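Encoded as structure tokens, the structure appears first; notes follow it.
Chains here go by letter, A, B, C and D, matching the order in which they are written, and residues are numbered from 1 within each.
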């Protein structure tokens, strides 16, 4: 199950940082969805390296190729195989990784688990692993868009710099390389990151993903709840250490009378007076905006001397070379969005067959 | 997939609050594990209602029956079916639930999803649903204990009252009904809850689960990561709105040089200088203590007038009867622990077959 | 995965021959299906022991209890737990099974696999294990009946006695205890079995299951093909040694020009000139009758001295006591039908979400 | 689930006949298995087209590329992605397939299921789909070979020509293009096929797969039985209409006293006096040779005028062009073997964790 995700809309990702390439097979995408490489490339470009001062200078076009499952511009219902070739390897930058365990990375754990590891550029635990997620997430998002489901994803915190609710400007997200919907905050974060880079250090960050247009009813009690699958999806992304749905940790201090969202009727539709729940009640979408927030730890690859051990069990001092982002959130935002889209596409399909009356709409 | 969890150690839970009973089938538990009803009853008693002023006064013995899969005191490798009969129904207390949607509950979502619902006592979305989790979690915990894996679970916050690190007293957890490892905090929380109950209100809370004795290597990249499966497991519990592993949300303000845990050798073993990671690196256990923290929203059933709508689309004012806990964390602690145990048992099995050399130990 | 079957319509069976009971949890049955215990009891009664001279005289009412998932006479979309208590154990009849391996049974294999086994009455490998299959199959069949899908199942061979195509009489199936649709063949088989019983011997048999009313389109290429899932489903039944779809083994001698089923139009619908395919082309139902045929080996429990070994590795001569059917097919027919129904219900749900246009029928 | 197979050793195949390529991702292969492209190529070459008068003259090198999951000649435990590019398309040969439904093919069913299809060369239902199975099967077989598990696969019947048990010559299998272990039968079958080709016709066939060296204990009751998974695996191969394990359909005429395999001790090991069971008892390998037999229908693409219908619902007469084998078995033999290997590798892993004592061998 390790690299396969989803119950009906299933993705199977593969690939290492410095291998021949990375990719994904999508099995279970319904037939008849319009799909071309540009649909996927657009999402991939949001995580592409080399696009700003704050991303690794590794130069990869990350050009996607659709190998199967699409005919005449439409998905056929058969598996869609997507491939991105790796180009710009600098494995020699990582030579000492073969012997030493980088703090904050999975090196030690992979060795203990498997007995050895592909150490080149982090191997399977590299950020390049997320290409398969984003490529398949793009297909999920295309499917969801047919039903009016839209995503809004951004960075709301880098270090101690948070966006201001008052200054929120959606259009700004794509204008700054940090994906922050607040120009002032983005500028401050930019200055902060430059300082950290000079010190060879890195910063933590936080990503928000909001989804509108969701019908009520998505999510399968008990273990396939919408929030449960988001829990798996988001925590499966490297460097995530926390996840909140709706009011998140703030609820632990709240009273029921404050936290409950009352219902009311508006134009014949059920609405909520507030949205503390973040769009999920009892694990099922409640028709209001889905809101989740993920905490990313600082990039563990820092350019400072660190204490660690080597494979032979010696205490050593280590220096990391290579090309690394000083912050993870801005490039990871599209990964959070992709994982959310994969969950929602899967639940959209599962929910469609949860009632006899739905089957009757199809078979009668 | 909705009520089935796990890849090898699989559990399938069932049951409604006011139906004939609740239960679980455990499929994939290895043969040869000593198991009796008392092993399970002990865990169930930690979530049993009626045991203090802060839990619902519903009177259920919650007596477990093992129906299959155990012979001569040992698991046989075949499915273990566990049953708890429901006894003390007061469905009439819930009569208005048939028509009105309780704020903060799944009523509306169930109706939208399935067209109708078993409204008696919350049906499948009742807290009684967790009996199957705890009963199966007890088996998982028994299995893990053979390998020196131990759990420590407690409530560290209720409303604004947090435990103090200095006053931490493990023995206190079982002495107070709020499961807080700090007598002073427990007393303060007790007073706070009594005040809320008088006001017909409820409080949020936070649960910590720590696991020691874990070998390094548990967790399957990339979607079966230890933290990813914990994400699904913990968010699948009703009322959870946030989850942190290790330093959690604090990492978003940290620098890499502070957050990275350096390694060092001690008595021939690899140790970490700190444990910001909470025991997970790259989704794999790193051999240090696993630490997770879950935020529970306040009990949504409050005894105050609330604005809501009915099934026919009318705005109404609703009053909730029935018997409800004023806080969720203390009884949910054992549920968090059980879900964590289920994840770990499954990963212990999966990890066992991830290397050819392990297979050789078994088949040669 | 051992005791769980299905992708969306999932069943999880449990129980041993001489344990507390046997049962099944059905997870994924759509909400809104009318269901009562009588729907299930009717199917169970078709496999009930003690009903004729040719079935074990074990006296079990096999009375089904629905423990969850049904409210107001309708399925709710949550797991349906079904329980049958065991009553008439004669474990003492099986005492020597604890030590000796019955030829043709799973005793030796269970011991080698798990280190020991529940030997009472065959434990998990007893025919009573099929109660969970039939109980859940009854629900699947009820669901399928809403869409005009009907089953016709019978025994077409016992020993060398085969039914005659000319004498085929559907009504006869329920009139004779051997489920043969041909009175003359049933009488001959009855005589043959009586002779075998006097000799302490048993006979092989063959079961046919035909399904009409199937829409074209059920079956998921490549590994979820209709015939592939039937392959798993039918071979999972104890004692099955062969399975044919349509013309089965006869195709290996045929020419393409004989085996191909031509298409033609009739009243605006696509029909086939012949049905050599047995209703499946490329793993997908083709709209004609589904036809499968399963071979059952003779009951391995015979009342003759047999050569075998004991747990301590001694050559021994064994005599089997207990109560055993002299032929498996007549009682297994409903099990074949149930497994077929489980496959079809699952594929009906999967197929419903294989096209974007189907989703639009539901969500638009 | 359609194109994913296996519980732990999982494969995800993809690709169409005339698309960019075909391939497979293997997820769950243990780390530390020596693997190179030649290991896989050797198996692929056994199904390669163009190698004899009896296979399609499509000219494909079918050269395999390992894209991930192998480092330093060893599997790393991460997904292994395998790719074969398609080269020699003649889509124009198939132009009429866009409009007309070939008898005996999946064309009609795909259209009914998905609304349209990739008609070029059969699309996903082409025999080229099996490349992913064979490529992944080669890895499974490499793993199994470490434990002394060996395969012997051949064609035992083409039309009415059967091999003779007396003339059985294993070495002959690779010497004739029909994979028959009997020179005389192979020559007769060759003459028969040449005659059929002149008549534009094709023949059915039968494939036998035998596996030696299996430990007792493989197979997971009840739905993951060895024979049940073989049932799914073999029936998932296009054109298979029948499967027998051991004595197969012959058992329906047998008596228990003939069919039961007695046990005896030999050199301290449990052996069987006969092997009617074909190596499986109660769904678990019994330590004797595994024997299965699959019936393949005649190639449905024949060069004769056939009656059929077109997409618009007209009765038409159809002629098929393209390049097609006159018999399926000889090239499908390696596919049967590959699917068997996938089942066995998966069960080898599952069985390894079915006992607490096995876990203790690994974790203590």
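General remarks:
Note that in this section a contact is a pair of C-beta atoms (placed from the backbone, for glycine too) under 8 Å apart; a residue touches a chain by one contact, two chains touch by 3 or more.
Bear in mind that the values here come from a model prediction, so they are computed numbers and not experimental data.
Among the other chains, D has the CA centre that is most remote from the centre of chain B. By count of C-beta pairs in contact, C-D exceeds the other of the chain pairs B-C and C-D. Chain B and chain C have Cα centroids lying 38 Å from one another. In terms of their C-alpha centroids, the spacing between chain A and chain C amounts to 45 Å.
With centres set at the average Cα position, the gap from chain C to chain D is 26 Å. For chain D, residues touching at least two other chains, in rising order: 1-4, 7, 13, 31-32, 77-78, 113-115, 124, 215, 221, 350, 354-355, 357. Chain contact summary for the complex, chain C toward chain D: residues 1-5, 7, 13, 101, 103-106, 108-110, 112-115, 124-125, 129, 157-160, 196, 201-206, 215-217, 219-225, 227-236, 238, 240-265, 268, 270, 273, 276-278, 281-287, 295-302, 304, 306-309, 313-315, 329, 350-351, 354-355, 357. Of all the residues in chain A, the ones that touch chain C in their complex are 7-8, 30-33, 77-78, 143, 146-147, 215, 221, 348-350, 352-364. The touching residues of chain D, when paired with chain A in their complex, are 1-4, 10, 12-16, 19-23, 25, 27-28, 31-32, 65-69, 71-72, 74, 76-81, 83, 113-118, 120, 123-124.
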